[in-house]
Amino acid sequence: MSLPADHLIVAPVVLPLAVSGALLLLDERRHALKAGVSVATALALLAIAVWLLLAAAAAPGALAYRLGDWPAPYGIVLVVDRLSAGMLVLASVLGLCALVYALSRWNRAGPRFHALFLLLLMGVNGAFLTGDLFNLFVFFEVMLAASYGLVLHGSGAARIRAGLAYIAVNLVASLFFLIGVSLVYANTGTLSMADLARRLPLLGPAERSLFEVGAAFLGVTFLIKSSLWPLGFWLPPAYAAASAPAAAILSILSKVGVYVVVRLSLLLFGAESGASAGFGAQWLLAGGIATLAFGTFGLLAARDLARAAGFAVMISSGTVLAALGSGSAAAVSGALFYLAGSTLAAATLFLLAEILQRGRDPAASATEAVFDDEDLDPFEDDDTVVALDIPAIVALLGAAYLVCALMLAGLPPLAGFIGKLAILSGLAGAAAPAGPVAASSWLLVGALLLSGLGTLIPLLRFGIFNFWVPLEGPSPALRTAEAAALAGLVAGCLALSLWGGPALAYAEATARWLASPAGYVDAVLRETAR
Amino acid sequence: MSPLPLTSLILSWGLALAAVLLVLAMTLCAWRMLRGPRAQDRVLALDALYVNGLLLILVLGMRQGSGLAFEAALIIGLVGFTATVALAKFLMQGEVIR
Amino acid sequence: MSADLPVWAACLVVGLALAGAAVSFVGALGLVRLSHFYERVHAPSLCATLGLFLVVAASSLFFSVAEGRVVLRDGLIALFVIVTTPVTLLLLGRAAAYRDRAEGHPGAPPEP
Amino acid sequence: MTDELLVAAAVLPFAGALGAALLPRRARDAAAGLAGLSALVGLGCVLALIPAVASGRSAAVSFSWLPSLGLAVTLRIDGLAWLFSLLVLGIGALVALYARYYMAPGDSASRFFSLLLAFMGAMQGVVLAGDLIQLVVFWELTSLLSFLLVGYWSGKPQAREGARMALTVTAAGGLCLLAGMILIGRIVGSTDLATVLASGDRIRESPLYLPALVLVLAGALTKSAQVPFHFWLPRAMAAPTPVSAYLHSATLVKAGIFLMIRLYPVLAETDAWYILVGTAGVATMLFGAWCAVFQHDLKGLLAYSTISHLGLITLLLGLDSTLSVVAAIFHTVNHATFKASLFMAAGIIDHETGTRDLRRLSGLRRAMPVTATLAMVAAAAMAGVPLLNGFLSKEMFLAEAVAGTHDRALNAGLPLVAAVASALSVLYSLRFIRQTFFGPPALDLPRAPHEPPRWMRFPVEALVVACVAVGLAPGLIIGTALEIAVVAVFGERAPAYSLSLWHGFNLPLALSLAALVVGVGLYRLLGPRIDTNPRGGPWLLDRLDAARLFDRAMVGLERGARWLEDRLGAARLQDQLRILLLVALVLALTALLHGAGIAPATLRLPEAGLDPAFALLWLVGGASAVAAAAAAKYQRLAAIIFAGGAGLVSCITFAWLSAPDLAATQILIEVVTTVLLLLGLRWLPKRDRSIPIPASEKPRARRRRAADLALAVAFGACLAGLSYAVMARPAGEGIARFFVENVYSGGGGRNVVNVLLVDFRAFDTLGEITVLGIVGLTVLALLRRFRPAADSLDRPAPQRRLAAWERAQPDRNPGDSMADAMRVPATVMTWLFPVLVVLALHLFLRGHDLPGGGFAAGIALSIAFVLQYMAHGARWVDERLAIRPVTWIGCGLLVAAGVGAGSWLFGRPFLTTAFAYAEIPGLGKIPLASALLFDLGVVVLVVGATVLMLVALARQSLRRARAEAAGLPQREEA
Amino acid sequence: MEAVLAAGIGGLAAAGVWLILRPRSFQVAIGLTLLGYAVNLFVFAMGRLRVGAPPVLASPEANDPTLYADPLPQALVLTALVISFALTALFLVVLLAARGIAGSDHVDGREPDR
Amino acid sequence: MRRLARLLPHPLLSFGLALMWLLLNAPVTPGTGLLALAVGLLVPLSLRALRPEPLRVRAPRALLVLAGRVAADVVQSNIAVGRVILGLRPGERRSGFVHVPLAITSRAGLTALAIILTSAPGTLWVQHDPRTGRLLLHVLDLDEADWPARIKARYEGLLLEIFP
C-alpha cells in the first residue's frame, strides 16, 4: 500500500461521494457548472476503471485495499480482480453515457439530479469492489436509495406508482439480505467473503445447514435484484416508468445482483468448498431458463419499447444466471462477455425508447412529468434546443436501434452473438467433446436460441413501427447530448464486437480466475498481521 | 472480590421483583393502549408505557450493575415525550406541524 | 459490581426500587380501572412523579455506593420527565376536550 | 497471391458498401458504378483463382477471431465455392447496372447500393466460409440485409410486412442452423470446414446426427423457401425488382442449396436425408409450380416458379445419387441465369407500363420487341425448351427420375412427378409470355410502354445470351466450371456425366416433349379460366395460404405471450410480495433439509432460564405488534401508537441484553418515525369503512386472507425457529474477539460498537449516512412536486370546526384557541432546545468510550429542531432559523469523506484513523481521535437529512396558505 | 430468554408479513416498520444473548472478549437501523405522493376491478 | 452590563446547562469543568434565533418554598390518587371540571403552574383563556378540597412573586 496509485482502488467510491457532496453545496440553478463537474467526474471514473482493469489484467492475483488499514477478515477490504474491474468499466461507460444523455434536459426535471446520479454510481462501484458481505449490503442500499430517487426522478403518476412497488419489493429484499448476512455471520463468525471461503469447508453439519439457510436468503435477495423469475416482476414496470437516463443506468443495477451471484457462488460453492459445493446451481439453472422464457413472453407481449427493454434486461440476467447454473466454466466466460454486451444494448434501448416515443406520441402522458404550481416546467425551453437535421437523425437512430436489436437478439455479427455463441459452445462442450452433455444444458441451448428469436420478432415489430411507418408531423428531435450518449453506447457495443476476441479472452481468463477461488482468498488474506 | 451472598440475594430478588412489577405495569398500560376506546386513551397509555419502560431500564441497570443503560433512560425521559406530544397534537389539530 | 454494596444499601436500594415499582404499578392499574378518559388521565402521573422519584433515588443510591462517589445524574431524568410529561398530558387533555365538545359528548368539558 | 485474391474477393463488396454509404444520397451513377466495379474486380479475382481450385484443390486463409472459442475467420475456396462465387459476383455486377436505371432519382441510391454490396459481401462470406460458425454469421447477415433490401421502400405496408416475414422465417432458420452447426462442432470437435468435411462417417454415426441434420436442414430449407417455409418468398416480392432478381432468384435463396451441397458429403446418403430432403423437394416443386400457374402478378408468378425450381434442386439433392447432385449444381446455375433475367424483364415491364398484372398487360411485343424476345427466350429456358440451358438440367433431372436406380419408395412415382412438374412449368411460362407480349395492345396501362434504356436491357441480354450459349454448347461454356465444383464436392467419387445437347431419343427426352405438349394443351384449356379465377389463389389450395397462417401465428404469438406473461407473472404488488416471501421460505427450508440438519441434541438449553419479566415484556411487544397489524387498515393512528409500543419493547430488549447503544438509537428513531408517520397521516384521509365488498367477492377475499395469514405465520415461525436454533448454540470462534482486543490499543476507544462504526467498519457508516442523505434528497424532490389528494388539501376537520366556532365568538379570532392551547407547551419546548443541544453534544463526545455516538447525537439534535416546529409552526420557525438541510447533507458527506481521505496524506489507506491522548496541563489526558471528526460528519449529515425529511413534510401544510394566496377557492366548515 | 426473544421475533415478523401483504399502502408502511423491528432483533440475536455484558470496556486492560457480548451484530444492527429508518421515511413519502396523484391508497395505485 | 447580557443572555439557563453537563460527565475533572463552562456559555446562544422571552426569577426564597410545597403536595396527591385507584377511598367520589380564575399572566408563571398542576396526580390543566384568566381544570376528586381556593392559596401567590 505504498504507491499513491494504489489508492485509486477506493476512488470509484470516494470520488463520486465527494463530488456529490460538493455539488450539494452549489445553488440549484447552476446547471452548467454542475453538468460540467458531473461529466468530468464520470470521465475520471471511466479512466480509473480502465486503469484498474489494466492493473487487474496484469496482476497475477487480485488487488486488495484495506480500508482503515485493518487486516482482512476484520476490516473491510476492497478487491479488484478481473471480474470487479470489468464490471466497473461497464458501469462507468453506462454512467457516462446516461449522464451525458441526461444533460439534454432530464437533469433539470427534479432537484439534485447530479448528486443522486453520482451517488448511484458510488453505490454500484462499491458493490462491485467490496469484499465484505455486510459492506455489500450497505452499498446495495446506497445504490438502491439512489435508484429510488432516480426512478422517481421527474415525478409523474406512472413513476410514483411504479416507484412505490419498486421500493416495497426492494425493502423486503433488503430485509432478506440482513437475515442472510446475519445467519452467515452467526454460523461462520466472519463477514469477509474470502474468509468465508476459507472457513466454509471446516463447518460442522449444523452450522453448515444454518449457513446454507443464510445463503438461501442471500440468494433470494440477489436474485430479486437480478430479476430472476419469479422474483423479478418488479423490474419491467419500474424501469419502463423511470426516465430514460435513469432506466439506462438502472440496467446496470440488476447486473449488480447478477455479479454478486456469480462472485459468491463461484467463490463459496466451487468444487473446493466441501459439502456445500454446487449449492443452488440447479435453482439457478431452472430459474435462469424460466426467466429466459418469461422475459421472452414479456418482450413478445410488450406494447411499448421501454417495457420491452425492461424484459430484455430480464432475459440478459436470466441468460447469465442459467449459464452460471449450468456449471460449465466455458459457459460462464461466455455469459460474462454476454452480460457486458446485453447490458450496454438494453441501456441503449431505454434511451432510444424515449426518443422514439417522444417522436411518435408527443402527448404520451406516461413519461410526462407532473408539475405543480411551485415549479416551472423544466422542459419549457425545449423548443429552443437546436436539434440535428432529420435524415441524419433517422439514420443515427436507425443504426443505433439496429445495433441494439442485433445485440439483444444475439444475431451476428455483433457482440450479442459472440456472447451467446460462447455460452452455447460452452454448454455443448465443444471444447471437451468427450464428456457427456446434460439434458438441462440442451434445454438451455434451446431456450437461448428460442429466446433469441422471441427477442428478434418484437424488436422487429417495434423497429418497423418506429422507423418505417411514415410519421405524421415532425420527426423526432434529437439533441446533441442525446446523440452523443447514443453514439457512445453504440460505440461501446461495436467495440465489444470488433474486439470480441480480446474481450472474450478477458472473460475467459476471468472465468478461469473465478473457478479457482484460492487466488482470491490468498490475495485478500495475504497479510493478516497489522 | 467474592460477592456477599446476602447482598446479591437481596438485590437480585428485590430488583427482579421490581422489574416484574414494572413489566406488569407496562402490561396494564398496554392493555389500555390496545383497548382504547378512544385515541386519547391510547396515547395516554403509550405515554405511561414510555415512563414505565424508562423505570424498567433504570431497574435493569441496577440489576446488571451497569450504568451504561443510563443514556437510553435519559433519552426516553428527555425525548420520549416528543412522540406523544406529536400524537396529542395530531388529535387536537389533525396535523402535527402547522 | 453489585457485590460491592453493603447490606444496608442493598436493602435501601431494593426498598426504594420496589416502592417505586409498586407506585408505578398502581398508576398503571389506575389506567385500567378508572372509568373514563378524564379520570384515567390522572393515573400515569403516579408513575411519572412518585414512582419515578423512588426508582431514581434507588438508582442514584445504588451507583453512588457502588462507585464510591455521589452520582446524581439520574436526577436529571427525574427533572426532565417532570417537565415534559405535563406537556403531553396537557395537550392530550385539551385534545380530548375539543374532540368531546365537537362530538357533543355528554362528558365534554364546559367552555372556560 | 492466392491469399490476397481470396481476401480481395471477400472484402471488396464490403469495402464497396462502405464507400457507397458515404456517397451523397442521390449519387446514382457513382453508387452503381462503385457497385459494378466492386463486383467486377471481385469477379476477376475469383476467376484468377482457377488454378487454386482446379482438380479438387482448395485454398484457405485464416485470421484470428475468437481464439478462446477456437474460432478463426477462415476464407476457403474450392470448386463449389468458386462456382457460387462467380454466380454471386457475376449476377451482382449485372444487377448493379440494371438497378442504376431501375431506381428512381428520388430513391436513396447510396443506401440502396451500399446495402446491395453488403449483401453481396455477405453472400461471398457464406460461400467462402471456411468455418461453420462463420458461415452462420454470414448466413444471418444475408437474412438481415435481405430484410433491409426488401423493406427498402419502407413507406409501403407490403414492403414492411414482406421484409418482416422474410427476416423472421430466415432468421429463425438461421438460429436452427446455428444449433445444428454447434452440434456438428460437438461431434467433430471443431467447426473448421475442412475438418468437418473429412469427418462424414463420424457425423453420420453419431447419436446427435439426426438432430444436427434436422437443424441444419431447417436452416437450409427456410432459406431456400421450401414448403412449408416457402411463403416468405412471394411476400418478399415487395422488394425493388433488382433485389428480387439478385436475392430471390440467384443468390439468397441459393444459399440454402449451397449449404446442402456443401454439407452433402457429411450429412447426405442416409435414410433421414433422403426422406427429409426428398419429401421437401417433391412437395415444393409441385406446390410451387401449381401456385405459379395461378398468379396474376408477374413477380408473384416468378416467385412461385422459383419456389418450384428450388424444390426441383432440393429433390435432386435428396435423391442421394452423385449424378443427381451434379444435376442440382447445374440447374442452380441455369436457374440463376434465366430467372434473374426474367425478373429483370418483369422489372422492365413494370417500370415501363406501371403494372405487373397479367390480366391488364397485353401485346407488349409491339412496344418493346427486344425485351419481348429476351423474355421469351428466358421463359423458354424456364419451361425446359430444347436448345436452352433449362432444358439440359431438366433433362438430367428427368434422367435421374426415370433411372430409379435406388429401391426407395419415393422413386416409383418420380417419373410421373417430374413430368407433371415439367408440364406445369411449361404452362406458367407460356402464360407469362402469352399474356404479356401477345394479344391486342393494352390501352389502359398507367404508362405508355416503350423499350427501356439501352443499358438497362443489357444485363438481360447478357443473361439470355448465357442461357442460349449454355444450351447450345454446354461443355464448352460451363463444363469446366461444373467439373471443378463437382470434384470439389465428391473428390474421387465424382461421377462421370455427359454434358451435351443430344443424348439420343430416350425416355427423358420423350418425357420432356410430352411435358411441352401437355403444358401447351393445358394452357389452351385453362388459360381463360385462370384469368377469371375470382379468388386469385390456386385451385384446390386457395384456402391454404401459409402467409396468412403465418400472420395469424404472429398475432397468436403475441396474444399467447401476453396470456403467458399474465399467468406466469404478477403485475400486482401484493402478489409479488407473496411470491417473494414464499420463495424465500421454500428455499430456506430446502437449504435446511439439504444439509445434515440440526439435531435437537445440539441445542444448548438456555443458561439463565426464563425471566418472567422478560416473557411478560414480550407479551406486551407481541400484543402490540398483532394489534398494529389488525388496526392498520381503519385505525391508522392506533396502528402508529401500537407500533410505537412494539418499538419501545425492542428498545428495552436491547437495553436488557447488553446493547445500550442500540437501545438509545432505537428509541430515538422510534420517536422520529412516529412524528414522521403522523406528519404523513395528515395527508391520508380516513379510510372509509363503508366501501362494500360485494358478496361474490367475499369468499375469495376470505381465502386470500387465510392464505396470507398462513404465510405470515409460517414466515414468523421460520424466523423464530432460525433465531432459536442459532441462539441455542454456542458461537464459534469468529472475528469478534479481534475487535474487543484491539478496540483500545488500535481504535483508541472503549465502546467497541462505536469504534466499529467509526473505525473498524467506518466504510459501512460512510455508506449508511450516504443512504440517509440520498433519501433526504429524494424526499425533497418528491415533496417539491407533491400534489395532495383533493380530499386532504383542506385544513383538517378539527381546525375547521374550531375556526367556525371562533368566528361565532365575539372576542375571538380564528387561530386564537390553538395559540392559547400551545402557550404552555411551546414555552417548555422552546426552553428544551438548548437542553437537547447539550444532550446531543454529550452523546456525540462520549460515543467513543461510552454509549452514544454521532448518529444518536444527530437524531437528538434533529428532534430539538422538530420540537420547535411542533411548538410554533413551520412559518414561525422558518422566519427565525435559516436551516439549509441540503447544505448540511453536503457538508456531512464532505467532512466524512474528507476525514477518510486525510489519511492519504500520511500514506495510509482511506479511513485510517489516528488518535492520541493529549496531555494538556491542568486538564489531564484528553483523547483526540480523528474518528471523532468522522463522527462529526455523521452528525451533520444526520441532522441535515432528518430535519429535511421532517420539515419538508411539515411544510406541506403551508400549501394551503399559498393556494389561498393564489386565489383558489377553499371549503369552509358550515 | 432465547425462546422468548425467538417467539417475539416470530410474532413481529408474522404481523409485519401480514401487513405487507395487505392492499393499502399505509398498511404496507406499518408492516415494513414491524418487519424491520423483527429483522433488527434477529440480526442482534445472531450474536447470541448476553445479560449484563455490554461491549464497552470497563477499563482499557479488560479486553477479554469473553467478558462482553459480541459487538459486531450490534454494529450491524445500528447501521441497518439507520438505513431502515431512512427507507421507511422514503416509502411513506412515496406513499403520500402516490395517494395524491392516484387518488387511491391501494398499493397498485388504483382500486382493483371487481 | 449590557455587554454581559449579550454574552450571557440567559444566565439561569447557562447555569443549568453547565450543571447538567457536570452531572452527565461526573466525576468532575478540569477537562469536564472547562467543557461545562463552554457549554454554559455557548449553548444558550442557540436560543438567540428563537428569541424566547428571557426568564427572570425574582424571589429565590419563594422558589424554595414553592418547591417544598409542590413536593409535599405531589406526595400527598400520589397517595390520594393511589387510594382512589385501589378503591380504598370511602364514600361516593365525584370527578369533574372546575373553573379557576387566575391572576397570573406571565408566560413563565403560567407554565410553571401548568407543570405543577399537571404533574401532581389528581389535577389536570385542560384549558386556559388568557383573555379572562380563567383556567379549566379537571379534578379526579372534587370533594377532596376546594380546588380553586387551594390553588390560589398554595401556588398562585408564590408564582406571582417569582414571575411578576
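Labels A, B, C, D, E and F are assigned to the chains in the order they are written; within every chain, residues are numbered from 1.
Everything below uses one rule, namely that contacts are C-beta pairs under 8 Å (C-beta built on N, C-alpha and C of every residue); 3 or more make two chains touch, one makes a residue touch a chain.
Since this is a predicted model, take the numbers as computed values, not measurements.
A.B. asks: If you apply the touch rule, which chains end up adjacent to both chain E and chain F?
C.D. replies: Both chain E and chain F are touched by D, going by the contact rule given at the top.
A.B. asks: Quick check: more C-beta contact pairs at B-D or at C-F?
C.D. replies: Most C-beta pairs in contact, of the two: B-D.
A.B. asks: Based on mean C-alpha positions, I'd like to know which chain lies farthest from chain F.
C.D. replies: D
A.B. asks: With centres defined as the mean C-alpha position, give me the chain A-chain F separation in Å.
C.D. replies: 61
A.B. asks: Using mean CA coordinates as chain centres, what's the chain B-chain C distance in Å?
C.D. replies: Using C-alpha averages as centres, the distance is 9 Å.
A.B. asks: Cα centroid separation between chain A and chain E, in whole Å?
C.D. replies: 28
A.B. asks: Quick one: chain B and chain F, Cα centre-to-centre, how many Å?
C.D. replies: Centres of chain B and chain F (C-alpha means) sit 23 Å apart.
A.B. asks: Touching at least two other chains at once: which residues of chain D meet that condition?
C.D. replies: 571, 573, 577, 581, 611, 614, 640, 649, 654, 656, 658, 660, 681, 719, 722, 726, 731, 734-736, 739, 761, 764, 768, 771, 775, 778, 782, 785-787, 798, 821, 824-825, 828-829, 832, 835, 850-851
A.B. asks: By the touch rule stated above, which residues of chain B touch at least two different other chains?
C.D. replies: Within chain B, the residues that touch at least two other chains are 19, 22, 24, 26-27, 39, 43, 61, 63-66, 68, 74, 78, 80, 85, 89, 91-92.
A.B. asks: Using the touch definition from the top, which residues of chain C touch two or more other chains?
C.D. replies: Expected reply: 27, 29, 41, 43, 48, 71, 73, 76, 80, 83-87, 89-91, 94, 98-99.
A.B. asks: What's the complete list of touching chain pairs for this entry?
C.D. replies: A-D, A-E, B-C, B-D, B-E, C-D, C-F, D-E, D-F
A.B. asks: List the residues on chain D that touch chain B in their complex, please.
C.D. replies: The touching residues are 611-614, 616-617, 619-620, 623-624, 627, 637-638, 640-642, 644-645, 648-649, 651-652, 654-656, 658, 660, 663-664, 667-668, 670-671, 674-675, 678-679, 681-682, 795-799, 818, 821, 825, 829, 832, 835-836, 839, 843, 850-852, 856, 860, 863, 866-867, 869-870, 873-874, 954, 957.
A.B. asks: What residues of chain A sit close enough to touch chain E in their complex?
C.D. replies: Touching chain E: residues 134, 137-138, 141, 145, 148, 152, 155-157, 160-161, 163-165, 167-168, 171-172, 174-175, 178-179, 181-183, 185-186, 191, 370 of chain A.
A.B. asks: Applying the document's contact rule, which stretches of chain D touch chain F when the two form their complex?
C.D. replies: Checking each residue of chain D against chain F gives 811, 820-821, 823-824, 827-828, 830-831, 833-835, 837-838, 841-842, 845-846, 868, 880-881, 920, 922-924, 926.
A.B. asks: Which stretch or stretches of chain C touch chain F in the complex?
C.D. replies: For this pair, the touching residues of chain C are 23, 26-27, 29-30, 33-34, 38-39, 41-43, 45-46, 48-50, 69-73, 75-76, 82-83, 85-86, 89-90, 93-94, 97, 109-110, 112.
A.B. asks: Going by the contact rule at the top, pick out the chain C residues touching chain B in the complex.
C.D. replies: Listed in rising order, the residues are 1-7, 10-11, 13-15, 17-18, 20-22, 24-25, 27-29, 31-32, 37, 40-41, 43-44, 47-48, 51-52, 55-56, 58-59, 62-63, 66-67, 71, 73-74, 76-78, 80-81, 84-85, 87-89, 91-92, 94-96, 98-99.
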